Amino acid sequence: MRRNQALTTYKKGGIHPAEYKLTDKSPVQILPLPEKVTILLSQHIGVPAIPVVSKGDTVKVGQLIAQGKGFVSANIHSSVSGKVVKIDSLPDLTGYKKSAIVIEVEGDDWEENIIQSTDLLKDITLSKDEILEKIRESGIVGLGGAAFPSHVKLILPRDKKAEALIINGVECEPYLTSDHRLMLEYGEEMMVGIRILMKVLNVRKAMIGIENNKADAIYHLTDIASKFPGIEVYPLKVKYPQGSEKQLIEALTGREVPSRKLPVDVGVIVHNISTAYAVYEAVQKNKPLINRIVTVSGKSLKKPSNFVVRIGTSVRFLIEAAGGLPENTGKVISGGLMMGKALNSLDVPVIKGMSGILVIPEDETKRKPIEPCIRCSKCVTVCPMGLEPYLLMSLTQNGNFYRLEKEMVLDCLECGSCSYICPANRPLLDYIRLGKTDVKKII
Amino acid sequence: MGKKESSFVNMVITLFVITLTASIALGFVYEFTKVPIAVAKQAAKMKAINEVLPEFNNLPNEEIYKIVIDNDTLYFYPAREDNKLVGTAIETYTNKGFSGKIKLMVGILPDGSINNIVVLEHKETPGLGDKMSKSKSDFSLQFHKKNPENFNLSVKKDGGDVDAITASTISSRAYCDAVKRAYNAYIKGGKK
Amino acid sequence: MNYIIIIISAIFVNNIVLAKFLGICPFIGVSNRVETSIGMTGAVTFVMVIATIVTYLLQHYILIPFGISFMQTITFILVIAALVQMVEIMLKKVSPVLYQALGIFLPLITTNCAVLGVAILAVQNDYNLIESVVFSIANAIGFGMALLIFSGIREQLELVDVPEPMKGIPIAFIVAGLLAMAFMGFTGIV
Amino acid sequence: MNQWKNFSKGLFRENAVFVLFLGLCPTLGVTTSVINGVGMGLATTFVLLMSNIVVTLIKNFIPDKVRIPSFIVIIASFVTIVELLMQVYLPSLFDELGLFIPLIVVNCLVLGRAEAFASKNTFTSSVVDGLGMGLGFTMALFFLGGVREILGNGSFLGFKFIHGDGILLFILAPGAFIALGYLIMIMNKINKKTA
Amino acid sequence: MSKLLTVSPSPHIYGKDTTPNLMYGVIIALIPVVLASILYFGWGAVIVISVAVISSVLFEFLIQRFLLQKKTTIQDGSAIITGLLLSLCLPSNFPVWLIIPGSLFAIGVGKLSFGGLGNNPFNPALVGRVFLFISFPAQMTSWPEAQGFQTQYIDATTGATPLNIIKEGLGKGDSISHLMDKIPTYQQLFFGNMGGSIGEVAAVALILGLAYLLLRKIITWHIPVSIILTVVIFTGILWLVNPAQNADPLFHILSGGILLGAIFMATDYVTSPMTGKGMIIYGICIGILTVVIRRFGSYPEGVQFAILIMNGFVPLINYYIKPKRFGEEVKNG
Amino acid sequence: MSSILIIILSLCSIGIVAAIILYLFAQKFKVPEDPIIHDVEDALPAANCGGCGYPSCKIFAEACVNSDSLDDLYCPVGGQETMDIVANLLGKEVKQTDPRVAVIRCSGSFENRPRTNHYDGASSCAVASALYVGDTDCPVGCLSMDDCVEVCEFEAIYMNRKTGLPVVIDEKCTACGACVEACPRDIIELRKQNKKDRHIFVSCINKEKGGIARKYCSVACIGCTKCFKVCEFEAITMGNNLAFIDSDMCALCRRCVTECPTNAILEINFPPRRTKTDEEKKTASDKISEKVKTDIKE
């Protein structure tokens, strides 16, 4: 029904990196259980969770092992069954050490109340508050990247009202296909998840934004959406960073979220497609967030695939499953090419927010030598937030934090479009990020 | 060292004494230089007059008279030898210079021909327009002993007889304009 | 029309800094920030106008009638210095805000040849009182414009990698030179 | 020895133009030729020296509040004297330097020295300082005038050594700035090396 | 681990544009102009262009290598552009021994004094050109006639440029309609047949270059379009008010260096504003200044001064004119 | 002669009128300002360098006058002398701060600390440190990207490219603390300046348990407490698996240096040891201090 509609997108800036969606035709496979998982206690934005098990305890799949304390925090559940062998500081994705629980896998013993069948449970029986509690208990965090505890987003401030729910199916990063596969394979479950979210938020309308390069998903979801009142699919023009909350909202509604305001301020709430699916599983099947789909991809990999992975599995294990680390590997990236984190070691665990592992050959990783800015203004043109990256970078280098704040450095999404486009290979985002941290320190 | 404190009386007295001393000193220097300065100023003009006119033995600047023509006021300095007019120096100007006003002293002989021309004042570009000064180029020599009756006071580009200074047509044109102005004034009533 | 010519001439064609070389010290010294140069321009305008008025009166009602024009320099500077100090003292008390914005530049302006220069030029050009005022305002604007452009460029240069020996004053002079070169394009407009 | 240091600092280490950036207007304004530059420099030196002498002699009798006005009167008197004398003896140079002669009064260098040095030091030091500073200033004007005359006019001290014109720009306003910019850079380098 | 992983902040992929890419793009866009100029001026053009380009590149190399003692950047192509554009606004009989100080000034003073590519506030080619114009006005104002391929260089037949004819004529009190007979027709102006500097003879070649630059997205439309439109509107008004004293807009656009300036010089990244809004303001001011200088000033041509003057204002424009920030105007429904 | 009279009259009257008006103005619009601020400002070096943490010398002078004690106020350029003068002027006590000098508390040179990955981002310690642990596994070790070198206005630090560690030139260091601020890893410490620029300090700030620390870096402090036990002057404190030598207490006896099993304690600018046993056991610090000397000479 919306197939012939003109494609919309946001107005300002944006780039178009190569897509490399190698795995968009690979069905999701279930990854075998590893021998050991390392579950970090800080997988979300906010206060780290506090362990509620101790060394030597045996745990089941789905058992609460660490509790989120404080308003912005999330529970953490065991993703495997077995014995807790260590509660210690271990390197996280940045290599710095953070608290983690290490569990040795023994069998696959699930908590009893989790419904393991794959039947679609369409009826939403729980009340609004019960749902919210369920989501909180299940430790669901945003799976679109930021890993912000989802229940917090669902509790609207008293004076604000949401008019619509926006579901982010954009997946604008190169290589990544986990959301894409999810939409194709678990479309109906996801729709139920969206209905649940709509119920909690008390909205009549949900808009699913999908970029035009996922035509199959658009067709598929448009078909099933007709069975779910209020949910509509909107095809979008391909442009990075359309997946970013603010840009997506503008693309779909024409509203711009003002600087340092939240989406609720323009009457919408954004959730990712995988988050909606996780909500479905939590509410309908009692299943906490213990696994997720991770795209393991890269041109040099033997078997690029989409895996369902237990949280805490080591990245090395995933790469082995995808054919092993090629000889010429330069970088291993968690997340997408544009926003992902390069890993300094393969012995780090999968976390809730990890949507992909990319293996990039050596010759493609080298940054080119930095040249002086030629003031071509390309970075200004592509910045989706209307900032001036070249200026932000040199202000950071000169330590002019007062002016940096005035130039709205805190609005930067860290989308990387500016560094991508710069013909002089300037590490714009590297410095802007630093500038943001420094500015946050002084205000 | 003990400085004086800044009381009202002290301040006024100090300033008074200083200004008094200063003004006395200045007054004397002024008195002393008053006449020489006037002489020096006259000397410059006299030098120009001398240069543009043939030998004379009167004091042209004491016989100065002015002629008003088309709203222009020009000063004339008649030169006589033994009471016989041998030439007239005319202080003339133009505003058409590349950088504004140019002042010339033009010496005209009784027969109407130009004896000599000296630039009194100009702001033309050094190296270009300033070549109209005698010390910088021979431009002004071409007017020597020419009678504008049969010497068209325009640059060649405009159909005249004057060779313009290279790359300074504007200055040359302005120069001619000033000379023309002097000549016209001379013809139209300056001849005394 | 006369006023327009005075204004255009003072701002563009015979810009006080770029063509006449007056007020170079503060031009070089106080031009690293755009904001300061705005303050400086305000202060200069203020002082220049007042100084031109007072010196005009002085010239036409004291120096000329008494035939002592040679005392121009000494009387003008004395009056200007006293005036600036008076203004400074007064501002501090009457409007601390204004003092904060302009006052810190005032002592600098006393020893700024632009003010005395404009006062003398106004007399030399035989302007009447109103023309003198227009002349001084236009010159102040010309000064301000040059200062503003200059501070903009210098602020930008601070963010780039100027060769070590050229840093600071030398490069400022080069910029001033190129700017003066560009402004030569206005030659002949009036 | 000490006085020599006192003297030479004005020439190099604390050169008014190249290091302290004072008195820039006359520096740029009159240096179309060496002669003009040196003439201006010497006129300034004279005023500087004389005012330093007078200030250091009477410094103890001047109350603080009227210090600046008194200094200005003293300086202005000497400037006027220079003006008058030049009109008698060097009328053509006086015309060339024009406005910049009365502006010696506001040359930050002169007042700055009176205020910062002469009002605090002994007679000999003040004389030496005035001389050093003034000659340093003259030297700067000499260099700048030299560069501009050579490049802009192809002559030195009025003696023409090339046929035709020089690079006009250096005689005009922009050339003054640019030449001074590079001179300061070179001076910086020299000062740094000897430091 | 045998081989070490590489770690760097995101993003991990980069676009294809590089500085040399963009610069060589501009050089390609200049090819039609160069060809046209050789066609009309012959050997003179060849000599002037090659001397300017070679000396610019050489000076860039020598100064960076021996005075600044850093890596040379001649391979990025910007010095070639500077040399090319400098030569394109010289007359084709301009003596070689003056071209060399011109490129030295352009590269040495205009560019490398500030630290080289990207730092200079003023357009180096124009700095060189205005330097020559001011320093050697005689040589800079003798314009060979465009008469098809010629073999003579210094002693080429010279004539006045259309703008000069107009300026001088008006100065003498002639009226435009009278003067128009003396200058080339529009068709000649468009395809290139007039006295003038090497690069401004053929409007069509310049417009080809503009098309290429826009297609390859090397520049945006803002600057050229706003300059040209402003000149058209401003001269149009003057022309309508007093056709006897003012030439018509089309003449102004096609004659002299407006197209060359608007397309290749005002657009120089380094010396033009960073935002669309800023570029338009910049363009409009250049247009106005150009006409003011042409019409009221001493010089017949004003683009180069106009661009240089506005180069001076660029930092202020960048300081005050900001891009529209996301979410600046709240559009709620 | 009458013209002289006119001259005298006019100039004097202008002078006197100016004096009177100025006086009246000064009286009428008097703004109380503490003259002492001016005096303090005069005493300061007028470098306006910001080393004191205030934007200009004048503001620092105001701060000195307005605060109750001068404890937190220190002008690094003028040094203790200047602060004494200021204290005298204000009649306030100054805390006696000994002259200090910066030291680098990391010995994780390329040799001592294996690299575990390759960094390819913007060359800035701050950027790298915010991104991740760095190109070794030590989460607190030097990142070798010159942030401290760039920030030093006195050119008192340079990077030794062979070791990948910065080196402080003691004579040039003014202890302004800029590098301490700049180092994202807090490696740099201002320590008491001893005679002949001698230092003894634990050149490591890693708080991991011994075994782990040692794995990252062969000269890490492993918290074995041997030095702590041997120090007679109670200059050494232990905490979090890390020893710390208080420069105010240390008597430079050098006992701890030889005691340390990992050579984590450095002695700099000491004459070489003469005993035979020490010859073979030439400490890492000896090597480094020799290196420093030759580097400076170069």
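In order of appearance the chains are A, B, C, D, E and F, and numbering begins at 1 in each one.
The rule is simple: a contact is a pair of C-beta atoms (placed from the backbone, for glycine too) under 8 Å apart; a residue touches a chain by one contact, two chains touch by 3 or more.
Only a predicted model underlies this, so the values are computations on that prediction, with no experimental measurement involved.
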item	value
Joint neighbours of chain E and chain C, given as chain labels	A, B, D, F
Steps in the shortest chain-to-chain touch route ending at chain F and beginning at chain D	1
Chains contacting each of chain B and chain F, listed by label	C, D, E
Contact-richer chain pair (by C-beta pairs counted) among B-C and A-E	A-E
Furthest chain, CA centroid comparison against chain E	F
Chain located farthest away, centre of chain B as origin (C-alpha)	A
Averaged-CA centre spacing for the pair chain E and chain B, given as whole angstrom	44
Chain centre separation (chain C, chain D; CA means) in Å	21
Distance from the mean Cα position of chain C to that of chain A, given in whole angstrom	60
Distance between the centres, which are taken as Cα means, of chain F and chain E, whole angstrom	52
Numbers and ranges of chain A residues touching at least 2 other chains	341, 344-345, 365-367, 372-373, 391, 427, 430, 433
Residues of chain D touching at least two other chains	65-66, 69, 73, 76-77, 80, 84, 165, 168-169, 172, 174, 178
Contacts with two or more other chains, residues of chain E listed in rising order	5-9, 109, 115, 118-119, 131, 134, 137, 298, 318
Chains that touch, pairwise	A-C, A-E, A-F, B-C, B-D, B-E, B-F, C-D, C-E, C-F, D-E, D-F, E-F
Parts of chain C lying in touch with chain F, wherever the complex brings them together	62, 66-68, 71, 74-75, 78-79, 82, 85-86, 89-90, 92-94
Residues of chain E that touch chain A when the two form their complex	3, 5-15, 17-19, 21-22, 73, 76, 78, 115-119, 220, 269-275, 318, 322-333
List of chain B residues in touch with chain F within their complex	8, 11-12, 15-16, 18-20, 22-24, 26-28, 30-31
Interfacial residue positions of chain B with respect to chain D in the complex	1-7, 10-11, 14-15, 18-19, 22, 25-26, 29-30, 33, 36-37, 40-41, 43-44, 125-128
Contact footprint of chain C on chain E as seen in their complex	68, 109-110, 112-115, 118-119, 121-122, 127, 130-131, 134, 289, 292-293, 296-299, 302, 304-306, 308-309, 311-316, 318-319
